[in-house]
Amino acid sequence: MAKSSPRKKRTQPEIPWSPRPEGSKDLVWRYPNNPILGRRAIPCAQAIYNSAVIPFEGRYVGVFRADHLNGMPNLHLGWSEDALSWKISNDPIKFTGGDAAYRSGYGYDPRVCRIGADYFITWCADYHGPTIGVAKTRDFRKFERLENAFLPNNRNGVLFPRRIGGKYAMLSRPSDGGHTPFGDIFYSESPDLCHWGVHRHVMSSGSLWWEGVKIGSGAVPIETDKGWLLLYHGVRSSCNGFVYSMGAALLDLEKPWIVRGRITGPILMPELDYETTGSVPNVVFPCATLHDEKDGRIAIYYGAADTHVALAFAWRDELVAEILKYPVGK
Amino acid sequence: MAKSSPRKKRTQPEIPWSPRPEGSKDLVWRYPNNPILGRRAIPCAQAIYNSAVIPFEGRYVGVFRADHLNGMPNLHLGWSEDALSWKISNDPIKFTGGDAAYRSGYGYDPRVCRIGADYFITWCADYHGPTIGVAKTRDFRKFERLENAFLPNNRNGVLFPRRIGGKYAMLSRPSDGGHTPFGDIFYSESPDLCHWGVHRHVMSSGSLWWEGVKIGSGAVPIETDKGWLLLYHGVRSSCNGFVYSMGAALLDLEKPWIVRGRITGPILMPELDYETTGSVPNVVFPCATLHDEKDGRIAIYYGAADTHVALAFAWRDELVAEILKYPVGK
Amino acid sequence: MAKSSPRKKRTQPEIPWSPRPEGSKDLVWRYPNNPILGRRAIPCAQAIYNSAVIPFEGRYVGVFRADHLNGMPNLHLGWSEDALSWKISNDPIKFTGGDAAYRSGYGYDPRVCRIGADYFITWCADYHGPTIGVAKTRDFRKFERLENAFLPNNRNGVLFPRRIGGKYAMLSRPSDGGHTPFGDIFYSESPDLCHWGVHRHVMSSGSLWWEGVKIGSGAVPIETDKGWLLLYHGVRSSCNGFVYSMGAALLDLEKPWIVRGRITGPILMPELDYETTGSVPNVVFPCATLHDEKDGRIAIYYGAADTHVALAFAWRDELVAEILKYPVGK
Amino acid sequence: MAKSSPRKKRTQPEIPWSPRPEGSKDLVWRYPNNPILGRRAIPCAQAIYNSAVIPFEGRYVGVFRADHLNGMPNLHLGWSEDALSWKISNDPIKFTGGDAAYRSGYGYDPRVCRIGADYFITWCADYHGPTIGVAKTRDFRKFERLENAFLPNNRNGVLFPRRIGGKYAMLSRPSDGGHTPFGDIFYSESPDLCHWGVHRHVMSSGSLWWEGVKIGSGAVPIETDKGWLLLYHGVRSSCNGFVYSMGAALLDLEKPWIVRGRITGPILMPELDYETTGSVPNVVFPCATLHDEKDGRIAIYYGAADTHVALAFAWRDELVAEILKYPVGK
Amino acid sequence: MAKSSPRKKRTQPEIPWSPRPEGSKDLVWRYPNNPILGRRAIPCAQAIYNSAVIPFEGRYVGVFRADHLNGMPNLHLGWSEDALSWKISNDPIKFTGGDAAYRSGYGYDPRVCRIGADYFITWCADYHGPTIGVAKTRDFRKFERLENAFLPNNRNGVLFPRRIGGKYAMLSRPSDGGHTPFGDIFYSESPDLCHWGVHRHVMSSGSLWWEGVKIGSGAVPIETDKGWLLLYHGVRSSCNGFVYSMGAALLDLEKPWIVRGRITGPILMPELDYETTGSVPNVVFPCATLHDEKDGRIAIYYGAADTHVALAFAWRDELVAEILKYPVGK
Amino acid sequence: MAKSSPRKKRTQPEIPWSPRPEGSKDLVWRYPNNPILGRRAIPCAQAIYNSAVIPFEGRYVGVFRADHLNGMPNLHLGWSEDALSWKISNDPIKFTGGDAAYRSGYGYDPRVCRIGADYFITWCADYHGPTIGVAKTRDFRKFERLENAFLPNNRNGVLFPRRIGGKYAMLSRPSDGGHTPFGDIFYSESPDLCHWGVHRHVMSSGSLWWEGVKIGSGAVPIETDKGWLLLYHGVRSSCNGFVYSMGAALLDLEKPWIVRGRITGPILMPELDYETTGSVPNVVFPCATLHDEKDGRIAIYYGAADTHVALAFAWRDELVAEILKYPVGK
């Protein structure tokens, strides 16, 4: 079911993997050695979570949300051979570009996306409220800051890994300036990664409780011949605050604002200690995937309890088949 | 102090029991092997909690709140010889009765009550907001759905185990449609389990913090010759959300809207890990008791952290004697 | 279109009337001498509004909301020959019935309904929150207090003027204890005006702004051969508070929880000074109608700005015909 | 002080005018015959307010917010010889462009802007929340709907009357979906009126009470040789809701996100009956100006109390001189 | 009933007066020529209201809340021969005292109190939130700023006109920093007008609606031989915001935290146009009285609709006698 | 850097201590055997936390917040030889002083301060809302209740350990009656510990997230020759409620309302299980220090998760030096 493309020829290092536990019928299962990162992983940080990884030149590079000892989140670069054991810089990423609009008191919840020879980081930057910061790199050494994609308040900006209809394409979630008790996913396009328009509504928060408050895109969508596979987070409100879980949907390949299918339930909910306990209890927040295009294995990186980076696994074709059992008539 | 009645002659299986720990003066103490149910107890469910059990034909039957993998709560039937080890159906209970008012997207927090030869389930159903669903069975195979007892919004409907003044009697807690920051217990009566009236205010949320936000009935009241023994939950608001604890009161036998006594403090607060950590931290939520009428031992089933079913124990006569130290002048 | 019934034979005094203004196409138009009651109409009251009138023994009797000089609302009786000029008692109505549940610190927004030889007042009473008080009279001298119809919180209880399916029938609007930012109309029935059940949802707040926040029944429904003609209020939220307007719907004759039609827009919105200015600006709140069954003229009594009683007119058959242009597929 | 430009050569009809009242030192004064439009100005509408006018082919054309009898706001076209007496169509403006993103349940608070030979309407449209609708016309007969400028939620989108740095330029006010208790003015630019970017913060809500809650652009900025003259609204919160007043600022000609000056106080506050009373009390909401470039007279069209269109006057050079007394160090 | 004291010997100019209207039984009635001040009474101000007056050297002096054209409130001095026609300075009062704690961006709702040869102004000043500013004068030319009386947030500070138990005494109303949805009156004492302590709760917001949200002291208490006569404001919440009315209570002469009586209803509610319409609809806010000690006539100055100064009248002994019909058992 | 004073001559028992862990660069580190107190430490209490200790007559005395089994907090006395192992009374402290203003339904978050020969307890008492209770003892046997320091609502009252400018001095945090989403630290002084005045603003909640919601004083300030060393708590709002961390600042010795320095980040955040899990997750709340004046070692007592007493350590001179890297220009 994987799309046949020249991308297959890149030599990608082996992705992390762990088979589905005996007897389990879950579509998504956890890495037994979770969490892989967490408290005090580098000297300057209290915790590392909600982070993105991508293959680059035969190994893995990651952009990590590191909450510093002063409590503020920053983006840090890390390198790994196996995508499990990480060497993370103790200094935040430095962006070139001196415009005042780019100066941000913080940066959090990064995603990384390859489009051709360019790699883009999108994240939650601060410009009179949270909005989508965008930066470009080719070598993960120099990072050029581009214009913020949207007016505040916005979060969870996720690029598509190729142009669609000749335009760059991004999903985002308009928000308010606080903990935002609402939120749908929208699609926008751009000829130049500077000016954005043709905004289209994609998905609303859901009718089931687990995603009844708001939703937000998670990982860069995976292209399949049935559509774009989108892993996202859904949020419910318990009497003790928000609970974040993971969901899955399939977007039309050429008109991604059309939802082809969407599993009604979550595919991963907070259950284990490192998900239910930490700086923010009960958070599962997907930010990135590694994908073996040949056999369809997917490794999902998700933040746990705003404290840890954890890992889960799934089969691409199983996810797609399951999603297609829940077609969406739009 | 137990009421002498023909009911004693029923052959009831032995109730679970564990003696009060050495040195403890607590009125209520926990089962050392808690929790007895929790995460993934059946394939379709993420967690089981806030559930009710009752003796039936020489063994035990339970109606369980099972939060499905799609995050929505449903009622499931289970059977046990010892009321500790449960065999729970993977399919939700099916009710007969096709009226549109009975179609509910969910069902949660069940209670089970025997009145003569009939067994009634009351629970939180959905009819333009949460309200009290009612169903009748004689065999725990066929379940006949009756009219919802009240207008929305209402939760925590608990029947009395016999008619009072010739009428069916129910406690309930008028609510709002969300997480409800208020709530008192009311008494209502019915000639036919269909039409309800003569609504009487029973108890307000309390003056002490632990029950300062709202209260709700827990288990079916236990008849004693001093009055109806009511175990209920009280809720306080911490700066991190609601905390649910267990309280005890005694209601007048023939005019149950008159409170004869009410312990000012809680009889069980969240303390142990399975109560302070889970999908909703810090919840102790009583839903049912098993009662040995001969010697007055009580086994209390309570939900823990919206994740587990746990068990605690008490002596009926001790509870009643303690409550009567706190008479309520109404 | 009026239903042929023995009631036509009662000698009803002429209803107030004023023809539709030249050039107007409005379905509902105002009495030119509005308001007919308001500030200081009786010595004990600051204002009179939201009140109900009904023909009785050849003249008119009214139950008035009089906000006393102490600011609290009370129900007062008044008499009139022409339903325009009123002689209102300076003493509140006294109800017999000593039950504590009937003692209310206030009473407001009354409706009056004849069912056979009995006249019923329903209003917003206080019993641990607002709920529906009910009283019966045959002579408008002695008023027997019946049980409150529902648990708090509820408002806008309106009886139907005959039994339906052998049962008394009432519309009401479950509320919260404050200014209630939500609210739908429900239908309930009772064999004895004491116990209520078989609750059915009738209408939700609307999709257009003018009734987007909540709705509530207004006047006792008028029976027509097309259905029950219901005048109700709809509420929108401006950036300066709530705005109340008047709407119209038609309910099925024998299953009144089925809406046969509902005009999408309001039929009267606050426009004139006595509607936009007063103790609560921008309120039009219908509570009663007088109806000439022979020719179909309707006089509508509505509260204006929580300060005045005003009067508007309409043709029954025009309203019904207009409503039927907006059928509701339920 | 007016900018010398070829635009002066257009034959513009005389603008409405009324001299400053004797003894007044106010910068802005009202038209004595206010309001010029209001309740029931056309058959289909309850009220007309918050509207924009512009000279076109020797007379005036206006785009009006008409709240229909069903309570929903729509955009209507009107024509006038003197900009005081208006003939307004009873049918809403019809836009070409069939994309689903353009279908809106309502349209309100229009502004009209000429850029070269094109005229643009911007207004508050509905696309999963309020956002900025954009349409183009050359003849005020055919109106072509363009892409919405931004993601929701946004309001008060106002175009500049020429390209700046080669780009179209718009001011807007990111909002929430309700009555929005916050709001600053931002600047965005576009190469094609479809894709928008390079977002810059312009002005925050103010330190004085009258504009302490939020601000929003009002009329299309007037170009002067000192900068862009911006009339805007500021909002304070009284204990009875929001109060809208009018303010004035001067933006840099080529970098309009730089504020050159801003009068600390309001230049018009609600005082007269048609401003303090109506559907929403205490609203003064500027939407358009007519400007005599030769002598610098300005006629300001503002909505009053969400019920009326009113008119006020000022001298351009006086406003600019006053603003420059309040330089803003950014 | 007036207290016999040397103060009677001061030559006080005649107070304004207008007899009770024919047929009225109201305890308090309005001045027919109301309002006496309002919009644009001085060039710098948009409105004047919530102000205090006092006799001084054979004529009257007033401290006025003037809302400037920039929307911010300031304190202004005025002089009058008859206390009806006022000459008000266009410049705010200047206070000596350079401490940073005294620098306030605004000043509002002043009260003036004579204690012996000193006159004190108390008002709502700004020191990290609203709190009670205090200033002293002997000649109404030089005003010495004293320490703010309390920590923020506080409003409605009113001094007693003599020491009690050897201490200065003040009533105040702890508040929040916004529109404060709660508020009781407290009593505090001071040896030196700098340090305040021995705080005592005096009165809660009331059980009747008109004062159900909060209360605040109004005028300087009038000493009678039955106790201190206190005119105060009470606030209710309508669905369109707050409504302010006037109430009356009697405090114990030597222990003023003991309430001797309190009329359950308001003695003046917003009814007339200048009270129901203006910058803040429906406000009656008493700030001062003039009192003819010989015959007991009282002239009450109150703010109306946050726009006007209005005047009402009452007989001291009637008020006291009425209050004593409502004794308060504390 | 420690101040040379006669106090050094008191024989103080050795303070608890544990060296900084190998490799750590943290300014503050935890006691490895944490927590030292918690659940059920005495029979009457569910948990002990947020407590203060002080050396007295060669050993240690503590005033503990014990949440009783009825859920209400009370102050209990305890004694210890090593300040680690505590013998705590099962009875709450009894205060002399019969004034009604002193009767409080609860007492919590105590601090203890020696001034000369007197020891003072300050805590959160209840007098129509939370406020600062004050009591004096010389022997920790008799406790004399003094006047409450401030009007409600106030919390976190902390005395300075000597008079400043001849006056007693206290820090406090004006609050609201609930969970208070705001809060700055203020300074007040008193000649007699009864009357308080000269209120000065000290510090606002911070610009970094960890203290963005509110701050409150923690331990009695430690006098150094660079200023008063203040340990305090700062609060952020996560989407699951408040998170409490510890901060440090230096106040001017003679004008303590002047901040000399303030570390921008927290010096201790919730990380370990006993801090992230318990009755209120994610709370670190400092209440007291023990200080070896000779070498500058500090033992910090802090409440953890509203459940435990925990201990951390620091070097005074390191803290002061670090703070001085963050000077505050006030």
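Order of writing sets the labels: A, B, C, D, E and F. Residues in every chain begin at 1.
Going forward, a residue touches a chain if its C-beta (ideal position, glycine included) is under 8 Å from a C-beta of that chain, and two chains touch if they have at least 3 such contacts.
Predicted, not measured: the structure shown is a model, and the values here were computed from it.
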Touching both chain D and chain E (chains): C
Chain-contact steps, minimal, separating chain E from chain A: 2
Interface with more contacting C-beta pairs, comparing A-D to C-D: A-D
Distance from the mean Cα position of chain D to that of chain B, given in whole angstrom: 60
Rounded Å distance between chain C and chain E, as computed from the means of their C-alpha atoms: 42
Distance from chain C to chain A - Cα centre to Cα centre, in angstrom: 55
Overlap residues in chain B, where contacts from two or more other chains coincide: 240-241, 277, 281-282
All chain pairs that touch each other: A-B, A-D, A-F, B-C, B-F, C-D, C-E, D-E, E-F
Of chain F, residues touching chain B in the complex: 39-40, 43, 46, 68-72, 105-106, 178-179, 240-242, 277-282, 306
Chain A residues within the chain D interface of the complex: 101, 127-129, 131, 147-154, 172, 174, 176-177, 182, 184, 186, 188-192, 194-201, 204
Residue ranges of chain D touching chain E (in the complex, touch as defined): 25, 208-210, 236-241, 243, 245, 264-266, 269-271, 273, 276-277, 281-282
